[in-house]
Amino acid sequence: MEPHTFAVIGGDMRQVKLASLLAKDGHQVSAFAMEQARPEGVTLAPTLNAAVADAACVVFPLPLSRECRTISTPLSDTVLTISEAFAALTPAQTVCGGRIDADTFALAADHGLTLLDYYAREELVIANAVATAEGAIQVAMDGTPTILTGTNALVLGFGRIGKVLAHRLRALGVHVTVSARKFADLAWITAYGYRGIPTDTLTEHLPGQQLVFNTIPYLILDAARLRRLDPGTTLIDLSSKPGGIDFSAAAALGLKTIWALGLPGEVAPVSAAAMIRDTIYNILSEQGNSL
Amino acid sequence: MEPHTFAVIGGDMRQVKLASLLAKDGHQVSAFAMEQARPEGVTLAPTLNAAVADAACVVFPLPLSRECRTISTPLSDTVLTISEAFAALTPAQTVCGGRIDADTFALAADHGLTLLDYYAREELVIANAVATAEGAIQVAMDGTPTILTGTNALVLGFGRIGKVLAHRLRALGVHVTVSARKFADLAWITAYGYRGIPTDTLTEHLPGQQLVFNTIPYLILDAARLRRLDPGTTLIDLSSKPGGIDFSAAAALGLKTIWALGLPGEVAPVSAAAMIRDTIYNILSEQGNSL
Amino acid sequence: MEPHTFAVIGGDMRQVKLASLLAKDGHQVSAFAMEQARPEGVTLAPTLNAAVADAACVVFPLPLSRECRTISTPLSDTVLTISEAFAALTPAQTVCGGRIDADTFALAADHGLTLLDYYAREELVIANAVATAEGAIQVAMDGTPTILTGTNALVLGFGRIGKVLAHRLRALGVHVTVSARKFADLAWITAYGYRGIPTDTLTEHLPGQQLVFNTIPYLILDAARLRRLDPGTTLIDLSSKPGGIDFSAAAALGLKTIWALGLPGEVAPVSAAAMIRDTIYNILSEQGNSL
Amino acid sequence: MEPHTFAVIGGDMRQVKLASLLAKDGHQVSAFAMEQARPEGVTLAPTLNAAVADAACVVFPLPLSRECRTISTPLSDTVLTISEAFAALTPAQTVCGGRIDADTFALAADHGLTLLDYYAREELVIANAVATAEGAIQVAMDGTPTILTGTNALVLGFGRIGKVLAHRLRALGVHVTVSARKFADLAWITAYGYRGIPTDTLTEHLPGQQLVFNTIPYLILDAARLRRLDPGTTLIDLSSKPGGIDFSAAAALGLKTIWALGLPGEVAPVSAAAMIRDTIYNILSEQGNSL
């Protein structure tokens, strides 16, 4: 791998770890706006301009921004608007970040920059799903006074997270049922040895489950369905807002619910950083860099 | 499940088993053009007209035709052109078959028939991939004087068959390497615990493999790559014609090759029939039948 | 299952859960010396005599005693000597407890009691190993900023815990190496698809491991071996005192170590209680009770 | 590995492959009494004396003898009594063979020879169980018109073969039930995620099974139990004579039975030979040879 020059700007612990991992791979790395958690082996630049001056690739965090105005910098006192940041860059640099909105893309174009969203890359979304699935198992282990072996668990949805989660749960000796709407997904579910149920028959399969993992991003477990669950069932919601569980109805029924968002960054920041690094390498190699 | 009336026409052992399975489920089934292997629990009709007269659903074989002119009837002396067959049907009947070409679809439209290709349904293609993957393992077991446990196997391609095959091989204690071109596929390969290699690095990973399974439908193992394999390697090609192996080069090198086509119908005709039955049920239920 | 009468005396949360589980199965249960954590569905008896008066089976905790003099009662202010406890019982009762020493057995014999150690039953030791292995994975997930998928892990020893732990880790996509001394164990390790290494070659296999789980109850990872590990390696010791790791040498090297003892009771008290319940049922059924 | 000198005498294809494998490892190998299938890379000696003259280790086949009088030589016209064979050897040689009876051991002692039974070594018995389990799956695939994925299979007994067979079947997506008598075995069965049933409740679990694998070496499936099986069930008996199935009762009921004996030598002679080679290496290394 040939050495490359990177500037890593803002972000949470994943971004800090990313800077360290890039340095560990032999690259020249400058960092900015993460002074509350100094990355190992990396010098912090005093200013944005100093950080990006020599960088062939500038990496903004995941997400690049939380409110579409400033760069996300939870580990810094610096307030850095997206405009200011882009003004410091040149068209010759590779600029990337995660979960970028349309306005930010337009702003980058105004500055003549080519902005790339590494979170739009399928390989990162898959790696993220793996970390989310494993994190969900960790949350289930931490949140229950029982072992997983021999329990009945229901996974709602067979997208990326559902696929990995069902695979891991079965491997741990769990009796896994997966709900899906499409016949094709049900065929895959059978292929992997899980019990598949059509989503429209979900209600009748709720009794007897000890654990329910939701990956569906709309209200699937409403009050009527929650009432069918056994009293001791634990529910773990992995779907982003608004979530798939009627949490107040669950609370009223005495069901334990855990809404686990952002698991990769929380339970495995180093792995999350390594996934972003690998994706950036893929982007650079597609641009013809011999990394 | 409410009883339904089926006519099952022509085909190989899968079609014979399909007729029996439908009868076993309580449906009224008539069969025609399979007199050399009488289906259990099903009366053979003396003529096509008698077979289809009362049928709400008429099932042609997989493939419906081998030469796009006559219905495939390997277990019968009957010669039945597609035209004749369609002339005996009415627009009120559900008509289906497998691997249907455009001309046959046009002919059905001319007769006012709605013709459905059950082999175009994703759930059947997936189920078929499962049977193919399992059949490939059977072929590997039968074709080698060694056990699979502890061997090194290479799977070329991570489509449907590659996915199931890698899963099963690893489960049998095989050290599995999978080649793929897309970063996203390589991310999935890692997620499932196999070793993933980019296809463009394939050549260097050929030495040391005891088994190579090909699922890629173009010449991937040419003479140059075959020369990199160890002398005792066994190659199993699962891709349809023209196949992915230079078979004459392999023969010249003394490598054992097996071109395994049509595995589901060959090694598991009953399961293959059950998959077609399930897919037909799905078709009918989508049409509003309460099966 | 016919109803039975139980007295559950002393112990930690496992014993509390055990009392509840027995009551949930429809048995008549009295409890004593666990007043700081009242078991669901069970009435606490005011005195030991009241608790045991009608009980066909009297269950002491795991361990029955910590210092071989008093019954272990961490959730009670009651001080109850083993002598007092046995004096309240009659030979007609089935009396059991966990990890009972020879003196206590002798004392029971003096009182004409037949005392049974449920922890001496192989099925409970195996179930405990399952809970320990799963707990070890939970500890590894909680204790590292990485996911398990794709990491290299070394399991030292292939006894009960090593067997289950290796099985679960591989299932989670970990590259598992297991060390063992016996050729027979190495044959099993190969059979299950892990990499097996003879213990006397352990030193050379330490570099490159991200996680090391020890199940061997003597000093196996001394300073010389610890020096061979990569700086970021996490070590989890599952062996009882004195443990298998030179912890001070590990600290001096900056290696992260976790000594995880008593995992079943800590991470899964309800499952640990259920295992004891099942074992007691086995004991009673062997005595001819129709449970 | 230091080169060693071996004489390989008599036997079936496993012994032939063993001679080749030893030669491939760089050892000096002479062979005798296998002239109908010449081992690759090995010179056949004209006489027993010529074969054993320079051999530090003399390897007799598995079994050494079928009738306790002559060495087993199915691939030769040579008739070689055990007495003659032993008379040609000296106490300095390491002499081994498989499944040796007490009389033969006594005869060896009379000749001053130390005779070792490699088949008495646990690691070979385990490796053999792995090959038997995999062979059983091959037999099941070959003997049924269905795929294994999604079927119900019952494994009778949880000894070495039962353990590996259940592991492999579950991995192939089979719903596995295992019967065992001991509570400890049932605890292991649960630990690995199979459904465990006490053997005394076997009768009630027979309906609904598509495949039954027997590993128990006495009549377990008598006529009464066979009558409880579904008509299409396939039974595979892996136990040595007299077997565990009432075969004539099964035939009368129209049940398909396969009595699969000697699977490792039959379906995987090269692996079977490699296992014997590894075990001989273990024997020699324990004797202080630096192999």
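Every chain is named by a letter (A, B, C and D) in the order it is written, and numbering of its residues begins at 1.
We adopt the following convention: a contact is a pair of C-beta atoms (placed from the backbone, for glycine too) under 8 Å apart; a residue touches a chain by one contact, two chains touch by 3 or more.
Computed from a predicted structure; not experimentally measured.
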item	value
Same or different residue numbers at the subunit C/subunit D copy interface, by half rule	same
Pair with more cross-chain C-beta pairs in contact, given A-B and B-D	B-D
Distance from subunit D to subunit A - Cα centre to Cα centre, in angstrom	50
Mean-CA-position distance for subunit D and subunit B (Å)	36
Of all residues in subunit C, the ones touching two or more other chains	130, 149, 173, 190-192
Complex contacts: residues of subunit A adjacent to subunit B	121-124, 126-127, 129-130, 164, 167, 182-184, 186-188, 190-192, 279, 282
Complex interface listing, subunit D residues touching subunit A	149-150, 170, 173-174, 190-193
Contact set on subunit B toward subunit D in their complex	17, 130-131, 134-135, 137-138, 141-142, 144-149, 168, 171-173, 267-271, 274
